[in-house]
Amino acid sequence: ERPFVLLGGMNVLESRDLAMQVAEAYVEVTRKLGIPYVFKASFDKANRSSITSFRGPGLEEGLKILQEIKQQFSVPVITDVHEPAQCQPAAEVADIIQLPAFLSRQTDLVVAMANTDAVINIKKAQFLAPREMKHILTKCEEAGNDRLMLCERGSSFGYNNLVVDMLGFGVMKAFGYPVVFDVTHSLQMPGGRSDSAGGRRAQVAELGRAGMSQGLAGLFLEAHPDPDQAKCDGPCALRLNQLEPFLKQMKAIDEVTKSLDPIVNE
Amino acid sequence: ERPFVLLGGMNVLESRDLAMQVAEAYVEVTRKLGIPYVFKASFDKANRSSITSFRGPGLEEGLKILQEIKQQFSVPVITDVHEPAQCQPAAEVADIIQLPAFLSRQTDLVVAMANTDAVINIKKAQFLAPREMKHILTKCEEAGNDRLMLCERGSSFGYNNLVVDMLGFGVMKAFGYPVVFDVTHSLQMPGGRSDSAGGRRAQVAELGRAGMSQGLAGLFLEAHPDPDQAKCDGPCALRLNQLEPFLKQMKAIDEVTKSLDPIVNE
Amino acid sequence: ERPFVLLGGMNVLESRDLAMQVAEAYVEVTRKLGIPYVFKASFDKANRSSITSFRGPGLEEGLKILQEIKQQFSVPVITDVHEPAQCQPAAEVADIIQLPAFLSRQTDLVVAMANTDAVINIKKAQFLAPREMKHILTKCEEAGNDRLMLCERGSSFGYNNLVVDMLGFGVMKAFGYPVVFDVTHSLQMPGGRSDSAGGRRAQVAELGRAGMSQGLAGLFLEAHPDPDQAKCDGPCALRLNQLEPFLKQMKAIDEVTKSLDPIVNE
Amino acid sequence: ERPFVLLGGMNVLESRDLAMQVAEAYVEVTRKLGIPYVFKASFDKANRSSITSFRGPGLEEGLKILQEIKQQFSVPVITDVHEPAQCQPAAEVADIIQLPAFLSRQTDLVVAMANTDAVINIKKAQFLAPREMKHILTKCEEAGNDRLMLCERGSSFGYNNLVVDMLGFGVMKAFGYPVVFDVTHSLQMPGGRSDSAGGRRAQVAELGRAGMSQGLAGLFLEAHPDPDQAKCDGPCALRLNQLEPFLKQMKAIDEVTKSLDPIVNE
């Protein structure tokens, strides 16, 4: 529990070389700071706004890159799956497989994920209340898997905006599973640019600190050496050269939070 | 354009006999009222809140029932698909295939749907602004299909509530494709019951009239002989014995609306 | 009940001459169409975004103009009050006094209004649920006044946006008092311009039709001969030269709606 | 700036004796913890849900109690005003006078407040975006007062719910005035009980920590010896006997936050 686990990496596997560069930076910083680390990247962005948007290398090529990172840096990896047939192959490489927010109620995908040996990271959909995540946990449990974690990534707030309800973390922690916070996707402004999502990356540390003040099991983060050139979600990304000071902040808030006694105010 | 098309039926194919009964009632009423009619039912409810919820007969058995209805009553049919492999078989029976709201940004599914000969009904996700639907239309067009229609079914409004933004219809109509209104799903209260969605079916005529006052190409409706016994979304369903007076109301509003000259107030 | 009452006029009393011009246009059109009519204008805009925004002629001068309109055109008038001391003088001229939305929970103002002989039009605040309006009705009743009406004008929907929940009309009608719809303020985009509210006046007929499809006691409307030059809320205003075709639309929807039998779908 | 200022006290002046008891507890704990302290209480709750709700001792009696607390404990005091005539008398006792959220756009009240010598605490309305607070600041400046502070207390999120947008603090801090966080009112569930607001007081420390992680000038807090018996907003109140551990938590997060270097991630 101390400190939090970092599920950190890049949005999509833009190339093998960039992935290696990003992984190396994360590994170096997290070892220096003593933060348990899992490399994150997507092999396919299955729900881009535009059909011509970059999607990534695909399952086969993507898993090869993840496998290379896993071995080279001796770190576990997490990646997201989008259809039942991807679950088994992904779980052979990835230690954690992730249920995307938009798909979080698709029963077949949930069951296929539960049938692997991987841990499942369940992203909370933008249209679900925190207490509704109980149903998805139950689906996984009934499918025979209780190695689960929940991930907050913001709620729909009017059009083209997300808000993170800080009270939702406590609601979800009460379910008894680890809760993590996807700070970079929570910065999205959906549909905020003409053909893709906008973001508020300048405020990444502010939102990250708020999340870490909730005593979370983990932080989910995407960084990029040059966010303006990122092929997906650059408006939300942390600059890779800010990784160390950013994680120092997160660790500082996490440590003090977890040192505090609970306040009982029923 | 006059009157609207009714995409009407039942939520899920509970049984062959119930489907026949429901179709017969719709066919009789719509012929009497002169409303063009398409039978709607789902062969699989792929995103129920609970893993033990009833899902339906599945693709193969469901398509058989739809085929029987199509032939027996000489009506076109619409059904929803959830993964790329279902699109081709569904399109061999269904005249219109439907992109579910939660899945409306899944590129592979959109492309697989576009590659069939069916018309595509795109449900607007609860987390999307009306103007963002343009991206999904473009995805379909770029995949080679422009037999498209858009369907409103409410926007997330805080937790466990949906609201229909009447101004969204005009925004979507400006894209140049037919716009239809799913009145019954718009009545949902997501997560409103302990293990499934609640609903506000007592207000179905109120919300339906508001929609029809917007000059729409079609209305999407689910009815059931006994909503309290329905296997899915009963809290939103119209009682089948109210179908005739309900559609008379909808037709009355539609007719007067479409007889009006536009007001120019830029 | 047939047809609806029009509470129509202009946002703020920009000048005596403009008010007379606007009143004359409304009187002519409503007599032609057989719509009961009440002239509406504000003597003071007490909550403009900017301190330098135009506020109006003030209580004394404003009431003089309202009195002149009342006599010259033999129409009742409605105006809004902002503090307890304004209620009695306003009620000596105005047949209906209006509780502004932002102030709708200020007990002293409510009580002072209730202590006059005027009818009270209660604007629903953007931050209140329809069912919460019951409390404000009860406040008025307990203060000894039951000549009350409720007015919908949109709910906060994220930042800088309003949405009208069509299901709210039915909730409020169940309280047993007349419900009216302020269509032009519902078109506001609060804070949508750098120093004042924006609006969506091009959609005034769409939103108006949706409201009239709910079977309402009245419609609240602001018009201006030249909305781009209006001193307040021009982005929401109807062009005065569109008043007749606009009201014809509203009357057409209202008439057909009120001719329909209720649908019982509990 | 280090540590934050506490604007703390009770919701409404239930009685002189209770006020003295509450003030004494705050004074003792804040001195022990080295937190600058301002006593807060309302002399009138002007916008209760029900006309029969307890409102407080009124202006004259309330100011006497505030004066006594000010002298006895040598602390500054803050109280809220509701109409222009209250500003001058309130400012003769109170060091800070507060603009209520619902009234935050009432120009006359803002100007009357600005014409006193008191500091003005501007509550952000539940229906305003953070960037709109700039207009209210400008109103005060143009009225000749720049001793201003802004106070977050949650945004409307659907019906009967508030959410605190953590990104709003940064937006408001950029205006150059102190920003404080009203943690207890942000816990309200407006209209959540049959005749008054509900609340989520069990989560007060969670939400408080999130706020303090934003590097704020101050915290606004209401406590009560027995929240279930409080005459207003008990569902949001901190138990007075939890004041010391609660403030220790807030101070711990505040201190670590303010020791961190800014992250630049434009």
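Each chain gets a letter, A, B, C and D, in the order it is written, and its residues are counted from 1.
In this text, a residue touches a chain if its C-beta (ideal position, glycine included) is under 8 Å from a C-beta of that chain, and two chains touch if they have at least 3 such contacts.
Computed from a prediction, not measured in an experiment: that's the story for all the values here.
Among the remaining chains, those touching subunit C as well as subunit D are A, B. Any chain that touches subunit A and also touches subunit B is listed here: C, D.
Subunit B maps onto subunit C through a rotation of 180°, based on Cα atoms and reported in steps of 5.
Where subunit A touches subunit D, over half of the residue numbers in use are shared by the two copies, so each contributes mostly the same positions. Chain centres computed from CA atoms place A at the largest separation from subunit C.
Centroids of subunit A and subunit D (each the mean of its C-alpha atoms) stand 35 Å apart. A straight line joining the Cα centres of subunit A and subunit C is 48 Å long.
Residues of subunit A in contact with at least two other chains: 155, 157, 159-160. In terms of which chains touch, the assembly is arranged so that all chains touch all other chains. On subunit A, the positions that touch subunit C within their shared complex are 157-161.
Against subunit C, in their complex, subunit B makes its touches with residues 155, 157, 163-167, 169-170, 200-207, 209-210, 212-214, 238-239, 242, 245-246, 248-249, 252-253, 256-257, 259-266.
Of all residues in subunit D, those touching subunit C in their complex are 46-52, 55, 82-84, 102-103, 105-108, 110-111, 125-129, 131-132, 135, 138-139, 142-143, 155-156, 159-160, 190-191, 195.
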